[in-house]
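Below are structures written as structure tokens.
Two complexes follow with chain A in common, the first pairing it with chain B and the second with chain C.
So, the complex of A and B:
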């Protein structure tokens, strides 16, 4: 199958999936307990004022009408008004989203710089104490929830060493140095949490490549071991690793929901939790759909990249 | 059991016993199960008995893991927490296994439109980060132990379904299944006698790894206050409540965190070992 037709097929799947995602999001948020009009007006509201507000918000319409209204708005970038903040949801998300992306991208950069050299070293020194230690640490790394990494980092670097603030956020546009100061701990914590996967992938993929004939050939030609490893094997081992990095980015983006709470990072993750707390349905719907969309797109790009470089994938159906 | 099956089973057991990872994992899990079962007998204190004058005591002989901000014995709470963690892990994954296997096997066996429909629905559920889907479901249902289990079961159903589908798909095209169809056997007979038994291996691997994930997710939900409610001693909840005192009394967070790590490592090791033995080339969705 040609890559273009593969891509078209996958995009078609994604459109169907996206439709189902909007259905799930809308369905779930609409069974959230609590009467919205009552929440806005408070317990002393009269019957008439409640009914009036419900009409105004369109809450007395049948659910499918509300769903269609929501989808039409969504397509135009209008996600309704936040019940709590009384501002457009899209505006709120536009402020919060870049902060979460900053965190997730920084975390991915941290983990790539840590894990790829570690993975290469472990592969080159396969089955030595260095490799076993690295593999064991990676295994332990996989076994801690992201929020715990956050707490460990706060405990060590903020509370004990006093090197960084425990929590908070400063905009890079206002004060880049202070912003970096606040970013290092959350990005570091999430980066370390992600390191394990990428390191394991780099290791196994490098081991595969190093056992190939062309590596033997390069060595026989008299190339230095460093050239063989870094110029030849690494180039081919990079393909699966890049895919894992793309998946890890989406994983990081899912992780921000919890990590932002640990570091009081005012991104879209905390916004989601606030929306749940306040039963702010339009805000919650907007947050969920935006997070899911980014998660989906980065997974899709990872898949597509993999299929592009490795044609065997395209014949195997969707996975 | 036929001779051939017996030999197959025997080979599996031998390889399993020789696999270090699987054995260490199994040992850890056994330790956890025993702790959970005997927590009421071996725990030195009542896990919910508060004793304000003895609050935030550092670890000592009387309180090997110290006491929390309400003077409760942390060792006892960690021990009882094992019950919650294992209960959540086993029940949610059992439910996910039942739903996921049904969906996956039906999709893989019947193929065509049924397959398309079911798998697109699974894709849609997997388009949400697990934590986001889980916490929305819990918020909708109101946070409680049972609702956490329901949420986790729903979140992990598509992962199981995918594995079951691809296993069923590969079995479906085997000659013995074709033969059974040609003999005119009923779908039910073929699914239960031929297809399901051949999906067990990959499903066990996936289940073991997913239990580790449900434990991580339960801890995260409890940490956010959207999980098991106080005063139940869940590890994640203990961290949630101890977090504020981390500067002066790090043991409030350290020991429950250690418990989470040990439990997750146990199930991950078992899953990894099982994969080595059962299905060396199998792909696991993580």
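So, the complex of A and C:
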């Protein structure tokens, strides 16, 4: 019951946030310099044809009418026509989004499998060389921007070792093996860059939990150290870590914009860049809304999972 | 099960445990030896830092880093535990020796069901399948009297109250039928009525199971009510052992004597406490000779040299007490120690009121955040509705405090006593009600007027460590208020601060030190000096001695009494400790669930108690005299939620004298029961009915 009402509350928050995001997106893209009609028709267009196109696109209507039209369209899944591709924006996004999701999810999987064991080892061996090494590696991962990791990976694994292609994308539906081959470098680069945060969080969260009374009591029950760490402490330590993972996933989605450029990965990040370069306002709006939505949904899922793992939230118990 | 032998079940010989810290080596357990027989309950008592908990964890070999057992032997059922491998120890822990930890709120894993936490222990140590283990777990829960164990086994710890969680911990301890239970302060974190029930349970289990218990506690009352034998620890040494009756009646060590005398008795009003000077020595720099010599009235030159005195049998053959004191043979400590003026305080209070509180209410939003207090509930028709909910922390409280008087606010955790204090001080904005201080209506004042009045009302908190700014010197802390309220500046301020420091028992030279350079008791003295500095009329003392050890507690209580007489102060004294309240307060208000249940002069409220809640609260306090087994009143259930308090009298759900019907429907008013109207009780029973014994076994009460 309390879990349901918690989820309802979170959904309410999400609706409000989404509304504000649409306002900001619409507002910003409308104050950007450049006349859309002029962009489409080119500098030689006549006044008359410009006016005609503006009427056709609804650009001469008051802003709030344009906004309402846009929102109503969005609600129906109609994001308008891309000016550059001359196809529906929704169609473009539908093609590109899964590719970006594939990259971001793979990167998150890479970072989780690296960071959680490292974080646990660092916490259990606090202040030993193992901990210091792991922390230092994590810190280096944290300090370098994602695209730099991309370049490093290309340099080492593609150019020097020649093990992977430098750039490109193959659909897993067409050729899964080749797809994996193309996926490994960008996912690995992004995964390594994300590892640091999650590892640091796992470490500090585990250190906190390991000093709790229930851990001491678990040892007094005769449980082995491995059981104490993995069954008792980790389950509690995971709660804040999950939030960080979800946050990192959203962050990965932001990082995708740059990394896709580095690896020529035809996902939503490159689509956004194309939209900006070409003043393709409807496409840009669509991309921003979708990225924001992914961000919100992953955070919502994190909250829901957080609540599910922590029974104090699930059942609305005391503080 | 243990092998049959005549040797003691557990014997600890010359145990020494050290912590190698950066600041030096701390000898937490220093050459400690004792033995525990099969079926015996032994208490290990002492103040914080005495080494009693480290002794317990040493037996289990669970000393946290950087601690280490340096030497000694721990023989359990014929085998030396210090020789066992870690793997072998895991088979003993939780199986043959179990631990009942101190804090039930934090010792259970919050994300695992209690059943899982019991069952994992059973399956670890016994060769049973899941279903059998579950049966054993349910049986253990039933044995510790957790109602409805079949369904509660699948609940999470937060769904249990503190007392029930402690029962779960005990159930875990019992599940594998241990030979020895180590109970480390098992009731310290609990309210007094819950403590009474847990102690009763431990006594029952011990009788039924014949299990041996090592009871670690700082509370002599707990020792007196549960143990056969007791060991007293001081600064890592075991300084006295013996049968409980012998140690309490005829203590052999001056520290034991002082410990007993420092405790305010629940039967005494306003008596001056014996107070031991100073505090326990720094464990990194223990003195030569007896560690207690610096605080001991009987110490001689001989005591201050050589090694620590050894624990030796007392020459008197009538007891098997042992004591570590060079002068044990010369001293007769059978009479309570006194320091100087030991009469009762002569209290003269005026009838001129200083603080008047009328119908004070403070409701908090339930939950946090903007939508936090909204709760989705199902209405009777089955539809969903959103409801705004409040925690009614204080719900209509009225009292007055006269000039020079101490009013005690007593009650269990969550009864709203601290919220009353903060709301009276306007640190929290009241939801409703009036507060008059010295004629000023505080509830109507703006913040600037309030600020100037703050000078006249000061507050002392429970934890001086967190209430004193660690980055300021004592002089800066105390001087700030003096400067702000224009009391003194410059040299005059400095000399006033030095005077104050000396007045509260510190030295003038302490003015340039920082708070962390002082012990807990000394920090509380600084907090008192800080409150006194602005020449207040009222000091709110919020659990001022709860975090302190008993010997230091006595010093602070005496200090508070002295400065009250000297500066004509009024106190609002908040405490969960009835003995302390009884000791220092002129009048007392007993609170339950945000309301005042009883209000009146201290002796009239407590001797004899009238309100059924006051009566049960008083009976639950463990007496520190072993021969007194009071007829405890054990309240059923737990304190209801202040979000949804019971209808009628809020105590009716637990009241042993409830009248069916009336108490559930009608809320009793706080009505005077004596001629002058000073003693008020909120209860539907008549005075005679309240005075009647509860059961046939109860002693009839003397007329008031």
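Methods note: the second predicted complex is superposed on the first by the 281 of 319 C-alpha atoms of A that agree within 3 Å, B and C clash if a C-alpha of one lies under 4 Å from a C-alpha of the other, contacts with A are read in each partner's own complex, and residues count from 1 in each chain.
The working rule: a residue touches a chain if its C-beta (ideal position, glycine included) is under 8 Å from a C-beta of that chain, and two chains touch if they have at least 3 such contacts.
Predicted, not measured: the structure shown is a model, and the values here were computed from it.
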Between chain B and chain C, more extensive residue contact with chain A: B
Contacts of A:220 with chain B and chain C, given as first, second, both or neither: second
First, second, both or neither for A:273, with chain B first and chain C second: first
Touched partner set for A:236, first chain B, second chain C, both or neither: second
Contacts of A:253 with chain B and chain C, given as first, second, both or neither: first
First, second, both or neither for A:295, with chain B first and chain C second: first
First (chain B), second (chain C), both or neither touched by A:45: neither
Contacts of A:142 with chain B and chain C, given as first, second, both or neither: first
Chain A residues contacted in one complex by chain B, in the other by chain C: 318
Chain B to chain A touching residues, read off their complex: 119-121, 123-125, 127-132, 135-137, 139-140, 142, 162, 166, 212, 216-217, 219-220, 223-224, 226, 236, 239, 243, 246-247, 250, 253, 257, 260-261, 264-265, 268-269, 286
Sites on chain C touched by chain A in the complex: 60, 62, 64, 89-95, 98-99, 101-103, 106-112, 120-121, 124-125, 156, 158-159, 169, 172, 371, 374-378
Chain C partner contacts - residues on chain A that touch it in the complex: 1-2, 4-5, 8-9, 12, 212-214, 216-224, 227, 231-232, 235-236, 239, 309-312, 315-318
Chain A - residues contacting chain B, complex: 13, 16-18, 20-21, 23-24, 28-29, 31-33, 139-140, 142-148, 151, 154-155, 159, 197, 250-251, 253-255, 257-258, 261, 272-273, 276, 284, 288, 291-292, 295-296, 299, 318-319
